[in-house]
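In the two complexes below, chain A is the common chain; its partner is chain B in one and chain C in the other.
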Partner chain A sequence: MFKAIVSASTLRDALDSVSVLVDECKIRLNEDELAIRAVDPANVGMVDLALDAAAFESYEADGGVIGVNLSRLEDIAGMANAGDLVHLELDEETRKLHIRIDGLSYTLALIDPDSIRQEPDIPDLDLPATIVLEGNQLDRGIKAADMVSDHIALRVDEDEEAFFIEAEGDTDDVDLELGRDDLIDLAAGPANSLFSLDYLKDMNKAIPGDAEVTVELGEEFPVKLHYEIAEGMGQVTYMLAPRIQSD
Partner chain B sequence: MDFADFAARAEEIEAESADLEITALVRDLFEESNDDLPIVARFVQGRVFPAWDSTTLDIGPNLCYEAIARAAGPNVTAADVEDRLAETGEIGEVAASYEFGGQRGLASFAGGGRDGLTVSEVDRSLRDLAAAEGSGSRDRKLDVLFGLFNRSSPAEARYLARLVLSEMRIGVGEGTVRDAIAEAFDAPVAAVERALQVSNDYGRVAELAREEGEAGLEGVQLEIGRPVQAMLAQAGTVGDALEAWGTVAVETKYDGARVQVHYDGEAVSVFSRNMEDVTDALPEIVEFVEENVGPPAILDGEVVAVEPREEGDGVRPLPFQEVLRRFRRKHDVGRMRGEVTLWLHAFDCLHADGEDLLEAPLTERYERLTEVLDGGVSKLTLTDDSEEIAAVEAAALEDGHEGIMLKNPESEYTPGRRGKNWLKRKPDVETLDLVVTGAEWGEGRRAKFLGTFLLSARTESGYETIGKVATGITDEKLAELTGLLEPEIEAQDGKDVTIRPSVVFEVGYEEIQRSPTYSSGYALRFPRFVAVREDKDPDDADTLERVERLAGSSNAT
Partner chain C sequence: MRLDDYIEMEVNERAERRRLAMEKSYAIVDHLEDFRHRFDDAVQGDSLFGSVSPSIFVGRSNYPNVSTGILSPVGHEGDADKFETSASWYDEGVSIGDVFERRTSLLNSNRPVDVRVGARRGDGLNVHDAWDGFLGAQREVAIADRPVSVEIGLDGRPKLDFDVTRDDIATPTGPRARARSADLAENPHVPRPVKKTLEDDDWQAQGAMNYLYRRGFDVYDITRILSAGALGQGRNRRLVPTRWSITAVDDTVGQFLRGTLRDAPSVDAVQVWRNEYLGNAFWVILAPGRWEFELVEMKAPGSIWNPDPAAGMWIASDREGYEGRTGYVEETAGAYYASRLAVLEHLSEVGRQAKCLVLRHVSDDYWGPVGVWQVREAVRHAFEGAHGEAETFGTAVREVADRLPVSTSDLRRKSEMVAGLQTSLADFTNAGGTVNR
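Our next item is the complex of A and B:
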């Protein structure tokens, strides 16, 4: 059983965070939250989304799992104006999701959840450095890096108490330094890892500019990016595996 | 099996040049493939899907270059990969020239064990990739491909790149796989061959040979909905056909697209000659089959574009290009259906009502075809008479078709083989303009007409005979020719008449042979009447000298 009403903007924010990584995903319709966890086909990037029941206008669910084609669902959500409410209801018998938006009604065929790529075991990481910054700052660093390279280094300098976003191209280099005063928070620790911009750019697309992003970082370890949606009633966490740093 | 092991074997096979050694290496590989045997049997041929399955990876070279570039990083672009390709000329070589693995996977941080690729994992990933569709599918394919390359060693990358672009090229052809299956699992080559023809699935046949041996292979049946390769024809002559088989099955050769129609009693599938599913593009063929085929069946035939004749009834065929406007079409099928009308001409029946007919003789298959299909059956003429064959050909050409097919009435249906049992009659290379110097009165219904015409080539001193042409065309035409020639009759002896040289026929033929039968010392093989050359006098007809020249040049080939 699943029946919910949610604002179009909340639904879109939630879907966007996942669709930057995968086309299809399993949605867990838990009693107290809607949850999605998905990994990209190369097993490099992962997203973990939880949308509390409180983020919905109304929410009833009993723990089922459905498989959806995300771009289809995003297209439908795109038909709504920002203030519109989206009604979602699962037809258990036909395994279809009925969606209503301001007089528009759409029946979405679901995908067999078993046909969707298994979610990975989540690495249980205890990362030594934590940086909290604004989505805009991260965006600025990623955009600058993208001008010169397809890779980006994230680094914390413990002595200087600063967070560095760096990129080395064939000819040009980019370096963005954010000191403690520039950041919302910093728990310095040994942290220096290299990441593929392909993935980071996609993740960055979904992160709102005004969001508070918590970055957890280590030495040659995956990075975790955490931010909230739906006024704190939704949590998104990305995890991205590093590239090996060649000297 | 680890993909690294497969790559190592592929490398060994590629380095070998002797066929027997290659077969032995493939055999060894099959013997050790265990659960991955079906996949390995396909991979060695650069295939992910069985041949009957029209699913493709649909990975363009550019997507592959991009994936390689991304795995090769940092800062390697698809253009860099293309540059290396321009230098080495081979994508496997290029893929192997990079050091991949720079991007780590999340699994390696989750205490997960090994990170090496397995054969089955590669297979599964590529199948997932093929299933990707819709707006973001290109990016998803790139992600999957990148993921695979990223986990590849140079040796693995070499064969992965080739597999992905369907250019395995390690010297393993279908025959090698067939022989290797037979050797590995101790099955007769003929049984393997037959099972392959029927199932079009090297993986399945390899597994069957291993699990169930010869009996299992013999149990392989056609499956409705899974196309088999079409039987093919080679070029040949009427003379060859009559010599080889005595009686020849003759039918119209259509200028259309070959199709294999599968009907399971409810649904119809139509496949192209390359076993591509073209059902959706040909709705009227589907409807026709639904309405006119009784029991479940697999039919072989040709789809032809037609238009109503300007005068009289029926339709006339249009050139092949018109069929192409409909074939494989994914959009605007309805509109195009209005523009180009298609007809099915079925000429063979591979399966009828639960019974496979591949091994039945052509005549029996044709009979079954007429039983299962109501209308749309191409006419089959059985004859040992070259004149009758000429008549069938003349009628086919007159109706606007391409010519005729000559088939061995006793032959089995051998999928995919370009054998000697089906011949496309070679079109005439040349025609000769010959003078009519004699004729014979016809018999029976044609007693009033001159039927067989004696032809001569011009010499400096007169005319030398070279052959007879029995037009084998309509009574109307015979009447016209009789009217033209009767006034020129010089002498009569029984049915034979001598005709004063005055009329020139254009005559087609398959070959000029030396022959004592005619005074010229030559005879035309399979001569056919083309037209009366009203613009030519006997003095303008072809000379014996030209005949000799043509005979010389054709003998030289």
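Our next item is the complex of A and C:
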């Protein structure tokens, strides 16, 4: 059983955070939250989303799992204006999701959850550095790095107490330094890892500019990016495996 | 590291070869002169001549109104098949000069045509249905598995210019003449699988290409067949310029092979393979992990694409991750798809996937572009014989870089894989594999 009403903007923020990595996913309709965990086909990038029942206007669920085609669900959500409410209701008999938006109704055929890629094991990581910054700052560093290279280094300098976003291209270099005063918070530790911009750009696309992003970082370890949606009633975590330097 | 055991640089031999290569370039003019004599012997009064044709050529300029032609080695009918670009050129050990000689011996009897509807436009006739006349004869030549006897009527004399472009994909082209007609002088032999793909006009071209590959046809054959508009769903069939056809087949078959390796186990050690052919040295480094591929090309000053002897080394690269790429490569053109195919063929043979870096060093011995077959065959044959092993990808790159005209740090800037190999999240879970450092 699943029946919920949610604002279109909350639904879109939630779907966007997942659709930048995968085309289809399993949605867990738990009693107290809607949860999605998905990994890209190469097992390099992962997303973990939880949308609390409180983020919905109304929410009733009993722990079922459905499989959805994300781009179709996003298309439908795109038919709503930001303030519109989206009504979702699962028909258990036909395995279809009924969606109503201001008089428009859409029946979405679901995908057998067993046919969707297994949800990943989350690596249990104890990352030594934590940086908290604004989505806009991260966006600025990623945009600049993308002008010169296909990869990006995220690094914390413990002595200078600063976070660096760096890129080395064929001929040009980019370097964004964010000191303690520029950041919302910094717990310095030994951290320096290289990441593919293809993935980081996609993740960055979903992160709102005014969101507070918590970055957990280590030495040649996956990075974790956390941010909140739906006024704190939804949490998104990305995890991205590094490119390991050959020395 | 056992790299040193099997790699020797024959310095004197290289200098000698370069000297010969310089002389050879003037020999082209002689080849063209020879062609004129042979042609005069072969042609009868009204410009009608009989020959044996191993292949076809579809131009790409002014697409979709291209020039399409039948290639015939006028005066060399006895061994016509050696004039067709194929894997056997490598086995034969042809030189750059040989390639140019063979190409200057091939007359391209061509006609202008719209790729979509053959000679007659506007009457709804698809190239797929055009079995008569010039296009029909051309199609038969393309699908036959051996050279076909043809009678070609020309409109005037051949033009004896020689088209040396910087095109790295298609083999260079020789003399051209406008054709009035072409007729088959025999019933060509067409292999059964080719008939099957030809007759099934509901079969998408990619599937048909892969089918032919799995049935043992090499990419050279498939390229010729695709080029003649003999593959694909009926309404989509059209002539495909030779250059595009070569890359389309390399890419399609490569994607097919990559797909078969998606869940294959990884190679278990860092391997270095090497080959050198026609002034091009290839190093292939395979490392454990999920599929990742990159081609880095270093073109020496004085080589064909970097003609200024005072210019620096020209470096280009393109890459793809586990899921492949969606767009055409930006810097390395057909060499990317040809080398990727060669590597995938090897991996498919051993049933493993790998992270694969191909380094191509084009020396100034490479004075004329012979076509991308040279890349494909050199990398295919790199996997013969001994290979080196290294502890890590990093040491392999450093060892190889010592023998390259660029520093490791230049390489790191240009090569995504040298900068860092993509790990997967499974490398960091307790259950997952170990991290390849």
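Everything below uses one rule, namely that the second predicted complex is superposed on the first by the 245 of 247 C-alpha atoms of A that agree within 3 Å, B and C clash if a C-alpha of one lies under 4 Å from a C-alpha of the other, contacts with A are read in each partner's own complex, and residues count from 1 in each chain.
Please note the rule applied: a contact is a pair of C-beta atoms (placed from the backbone, for glycine too) under 8 Å apart; a residue touches a chain by one contact, two chains touch by 3 or more.
This is a predicted model, so every value here is computed, not measured.
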item	value
Fit-or-clash call for chain B and chain C when the two complexes are aligned on chain A	clash
Partner chain(s) touched by A:209 [first = chain B, second = chain C, both, neither]	neither
First, second, both or neither for A:71, with chain B first and chain C second	first
Partner chain(s) touched by A:117 [first = chain B, second = chain C, both, neither]	first
When the two complexes are fitted on chain A, the stretch of chain B hitting chain C, from 79-87, 205-213 or 529-537	79-87
Overlap of chain C and chain B interfaces on chain A (superposed complexes)	39-46, 120-125, 150-151, 168-170, 194, 196, 198, 221-222, 239, 241-244, 246
Parts of chain A lying in touch with chain C, wherever the complex brings them together	39-46, 120-125, 150-151, 168-171, 194, 196, 198, 220-222, 239, 241-247
Sites on chain A touched by chain B in the complex	19, 22-23, 39-46, 69, 71-72, 117, 120-125, 149-151, 168-170, 194, 196, 198, 221-222, 239, 241-244, 246
Footprint of chain A on chain B - complex, ascending	70, 73-75, 101-112, 125, 128-129, 132, 134-137, 140, 143-144, 146-148, 150
Contact set on chain C toward chain A in their complex	290, 315, 319, 321-323, 392-394, 397, 412-414, 416-432, 435-437
